[in-house]
Amino acid sequence: MKIGILTSGGDCPGLNAVIRGAVLKGVRTHDFEFIGIRNGWRGLVQNEFMPLDRHSVRGLSRQGGTILGSSRTNPFEGENGGPENIQRTLDANGIDAVIAIGGEGTLTAAHRLTEAGLNIVGVPKTIDNDLEATDYSFGFNTAVEIATEAIDRLRTTAESHGRCMVVEVMGRHVGWIALHSGMAGGAHAILIPEQPKSIEQICDWVEHVRDRGRAPVIVVSEGFLLSGMQEAHSTKGLDAFHRPRLGGISEIIAPLIEERTGIESRATVLGHTQRGGAPSAYDRVLATRLGMAAVDAIHNSQWGSMVSLRGTEIDVVSIASATIGLKRVSPARYDEAAVLFG
Amino acid sequence: MKIGILTSGGDCPGLNAVIRGAVLKGVRTHDFEFIGIRNGWRGLVQNEFMPLDRHSVRGLSRQGGTILGSSRTNPFEGENGGPENIQRTLDANGIDAVIAIGGEGTLTAAHRLTEAGLNIVGVPKTIDNDLEATDYSFGFNTAVEIATEAIDRLRTTAESHGRCMVVEVMGRHVGWIALHSGMAGGAHAILIPEQPKSIEQICDWVEHVRDRGRAPVIVVSEGFLLSGMQEAHSTKGLDAFHRPRLGGISEIIAPLIEERTGIESRATVLGHTQRGGAPSAYDRVLATRLGMAAVDAIHNSQWGSMVSLRGTEIDVVSIASATIGLKRVSPARYDEAAVLFG
Amino acid sequence: MKIGILTSGGDCPGLNAVIRGAVLKGVRTHDFEFIGIRNGWRGLVQNEFMPLDRHSVRGLSRQGGTILGSSRTNPFEGENGGPENIQRTLDANGIDAVIAIGGEGTLTAAHRLTEAGLNIVGVPKTIDNDLEATDYSFGFNTAVEIATEAIDRLRTTAESHGRCMVVEVMGRHVGWIALHSGMAGGAHAILIPEQPKSIEQICDWVEHVRDRGRAPVIVVSEGFLLSGMQEAHSTKGLDAFHRPRLGGISEIIAPLIEERTGIESRATVLGHTQRGGAPSAYDRVLATRLGMAAVDAIHNSQWGSMVSLRGTEIDVVSIASATIGLKRVSPARYDEAAVLFG
Amino acid sequence: MKIGILTSGGDCPGLNAVIRGAVLKGVRTHDFEFIGIRNGWRGLVQNEFMPLDRHSVRGLSRQGGTILGSSRTNPFEGENGGPENIQRTLDANGIDAVIAIGGEGTLTAAHRLTEAGLNIVGVPKTIDNDLEATDYSFGFNTAVEIATEAIDRLRTTAESHGRCMVVEVMGRHVGWIALHSGMAGGAHAILIPEQPKSIEQICDWVEHVRDRGRAPVIVVSEGFLLSGMQEAHSTKGLDAFHRPRLGGISEIIAPLIEERTGIESRATVLGHTQRGGAPSAYDRVLATRLGMAAVDAIHNSQWGSMVSLRGTEIDVVSIASATIGLKRVSPARYDEAAVLFG
């Protein structure tokens, strides 16, 4: 049996560990062959492959990025896209099944392709931890560790200058990275997309911290929305056109805090450092196990399934169950953390 | 209500984060007061306490060790030990309930004391991850990250010299640290207490790796036992008297590998570096949540209960369920990892 | 003898280690007493002090920030500023001499005050490594290590997506952090204030890297200037008013690269993470030694002097020699690194 | 011109960065060709080579170990050893000159070979920093950072249990790693080969620390000698035969401290973790610059020379000047650190 592997969407520490886990397990246990599909779905649409044998995965568990390359290509678009063309490409290359490693978009596409008869097994990949049907996805732990280390560093500067530091972490639609790194870093407020807050509430927290003689540290997801945002923006004369130029939400919030509280405030956008580089040990273990389990799912012809983490065990679920909606931070989890605010 | 907190047994990253989580939650939500019990059960037996207010837990989430001190004192021993004396000490200090943070020994003692009527809630603490009834305990993640970083470093030296490196990690009775760090570090064999192996099997793996042109890296738990150990030892003229002087099991295995395979072999014992210092973000979050949940359990008068991690949620279980036996690495988990050996 | 210590200017890992080194050396060797001057020169102008004994410096060698606080106050300004007022404040507090830890502005002020008769010894502090008369200053090594780790992480994402990454590091006037972190991180171009380059030259390097099948990584100092900047800016319709809103120079360069080469390009501004948090071992040793040497300089009444690093030795030089101009990256050092570009 | 490169002696972070720096500089600036000599001098004696082009050094600046392999082979031994045989091997492979990267033994051999007419340039390599004629050698900074991180971790456990921690670092003949990591880690005593101390002196420091309510942390070089060692050993019944079995000197000192002071004491031997893995940014820069300078020295036919660090500049000195004796910790440097003991 010959298995193609693809990695799709944004970079994520652990992609290479999944690839290695799958190849070693497949070669040793099931006598599978492997082929690398280059640059996500694009490789299937544009017929780009690379050899992927046991030797080529050596040392990959600790290597960031993906040796296969990635892209955001939609497999249903373009003249060679769509299930029939892709099946033809697979047949032409003797590929019996595909392991698709990706986030919501990738998995949704994989699901549609399996419904059209393709042999695909999914592996969840999201820095943001926003996929349902898995406790965590690899990459998230690494991102949280990196963000936490940055918060630890920024805190000392906040204290030295009596400043407020606003640290912007990843999370366009969900606040998991902010929630965990903020709790780990001892943030005085955590602002996430699921919980819009007004600038007044934020300044209350900030002033409360200042009144206790401390320097406030605020962690904010990139996708956080100020409630009453329009009004808040208009105080600075901001409009839709200027918004993207201003960088992240932290660069909106920090000046507002300074203006209203008089506390010198600084924004730091952690950006892409959260999604590259060597994975944490936690993510290496998770990614390796998921890769191995994906091969077993293929061995069992569980097309349309996705491997996932449940407690300490690797489970097999339907891709559909993972893509029904984003996994958001629950009010209970937010309230738990909010006890530590201010 | 006035709560005493104690930390007992070996050091573990995250102890301070539990203390901080408990105090902040208790002060802010339940209006509890706190007092620190010094050096584990010894503080209760010898009447040693320290103030523990909101101010004293500042910055503790990222600080290793325990500000309360620890010991391995058995609360049932000594002239002031036993439930009645301890209850008297609690009464004399106006303490209504105790949060006991510790491993199997500590929790077993806590369980017996609650059966005698004391108001105690337990928090599981074990570097080794050997407690039942919780998916993970804080400290384990940090230990695995530290061990993995060491394995990463030792590997390059193994490759430079064509050597076999035997890395000894913590785990007297269970192999969780070895299993996770070995998988994360890409070890060519993982040796754990649950799975005795013969020196012949180990040398087979080593030679297989060498034959592929690579340098073998072996991760071994301190509690691993060579099957046919007596015989193996006698080849080196070792006896019971000499054993402890030789240091860890890695220092027995490495020379045996060298002798039998001709591959230069070196042992490294990671030792106490695995249990000190700043906790990882993962452990800070887990420890903080457990501390907060322990306060809620006290608020709910759940005496004899222990807070625990189940999937992504903090649960409350009976201490008894956590101390019925050690949580060992299952054969399934070991076999999963063993696919990558050799 | 009673010594006041102040830390002034931007935060810098190692400030606390200088304070600890000075206090321990002074107390143990010279029987000096110490007092903390709060928030840089502001403490002297506004009469803000804090106790600073042996106990208060415990554990400080590894702690980022400054327990004394910092500010950018000019000691010659304000109604209580100027040498006479400051001398009066010192007399009123029984302070015989001051250790001033700071960068160019701080040291220039210190120099002027010593010319007016005040007893001051300087300790050089600059993340940017821009002070003359010392090989390196503490904080620089830590900043380079942090920036290098970020570059390592960003590189894997660059490779995964075939992108160009533009990493902006600190260095408003000099390019030392960019030079060292860029060389350590294997950057394909390093852009520094001392060496203006045209966008054409930058795109040449980028395309050369792409043509070799690699993903370009560019490291740029915040103070780098594009030669022909006006024209380059005008292609994007940028003007002086918009410049600050666009964030850093990397956010100007990345879109220009993408526009001209067609290679998807991303900017990351590392920002304040480079100047906070625990100092590296290198910086702890350097800072500790400088602090101890400053006390000796006071013991020797070397007013107007600054302690500095020369090779492996701590030297005493005049503050004036350190503030005659910025220490810039020489053409020879830049050319040495440029061999690795493209 | 065709250049052979060899790496010899113990592993050291930065070896690969030297190789990369040399190859890139040589190919780009001097149009040199390169060939890899396998496993140190053994490759020259046994005719083992590997291709070494521009492509093969990709990504090497951050990779620990040496892609060329290493050994401790003496080039004057064996039937194909000695200058004439080696010159014949070089001629047969068209090699015009050799870059020899190694420590005292390697460089001494290189020096003798150049006296016999071979074209060799040396690059100093020593974790221990024991080579004269260079301020620092690459690998040392990384080792100090790793040791310091371990000391930071061990300290929290010392404090939690009120224990004395004895941390053994590398340094068979000189105490540089202990001096720097001990100073960075805030050790209460630093024990180095250059400064024998009695167990009484050590216990004095330990008790002084304990009396101040702290937990003592002692850093000791592996090559430290207890003064009055014979007597000290005999108190434990140790003899020459048992010594090696006991592991490192820390495992002798810790029990003696415990026996004499009553303070529970633990030994940790950091071992090989100090010499493997990714180099620090400092070492990457130094190693890269040394590799580039070695190529220039070859271009200038400076046979018998060694590249070295002097202040911030790379210098060219004679190998002879670096091997006249070990660079030891001076009494002045030790006394400087000793102010912080106890």
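As written, the chains take the letters A, B, C and D, and residue 1 is the first residue of each chain.
We adopt the following convention: a contact is a pair of C-beta atoms (placed from the backbone, for glycine too) under 8 Å apart; a residue touches a chain by one contact, two chains touch by 3 or more.
Nothing here was measured: the structure is a model prediction, and the numbers come from that model.
Q: Could you tell me which chains are in contact with chain B and with chain D alike?
A: none
Q: Farthest chain from chain C, going by the mean of C-alpha atoms per chain?
A: Checked the centroid distances; the maximum from chain C is B.
Q: Distance between chain A and chain C based on Cα centroids, please, to the nearest Å.
A: Here chain A and chain C have centroids separated by 34 Å.
Q: At what distance in angstrom does the C-alpha mean of chain D lie from that of chain C?
A: Centre separation, chain C to chain D: 30 Å.
Q: Can you check how far apart chain A and chain D are, centre to centre, with Cα atoms defining each centre and the answer in Å?
A: Centre separation, chain A to chain D: 41 Å.
Q: I need the residues of chain B touching at least two other chains; which ones are they?
A: Only 149, 152 qualify.
Q: Can you name every pair of chains that touch?
A: Listed in label order, the chain pairs in contact are A-B, A-C, B-D, C-D.
Q: Could you please specify the touching residues of chain A with respect to chain B in the complex?
A: Of all residues in chain A, those touching chain B are 21, 24-25, 28-29, 58-59, 61-62, 135-136, 141, 144-145, 147-149, 152, 180-181, 183-186, 214, 280-282, 284-285, 288-289, 292, 310-312, 336, 339-340.
Q: Looking at the complex, which residues from chain C come into contact with chain A?
A: Residues of chain C touching chain A: 7, 11, 13, 15, 39, 63-66, 69-71, 146, 149-150, 152-162, 165, 242, 245-247, 251, 266, 268-273, 275-278.
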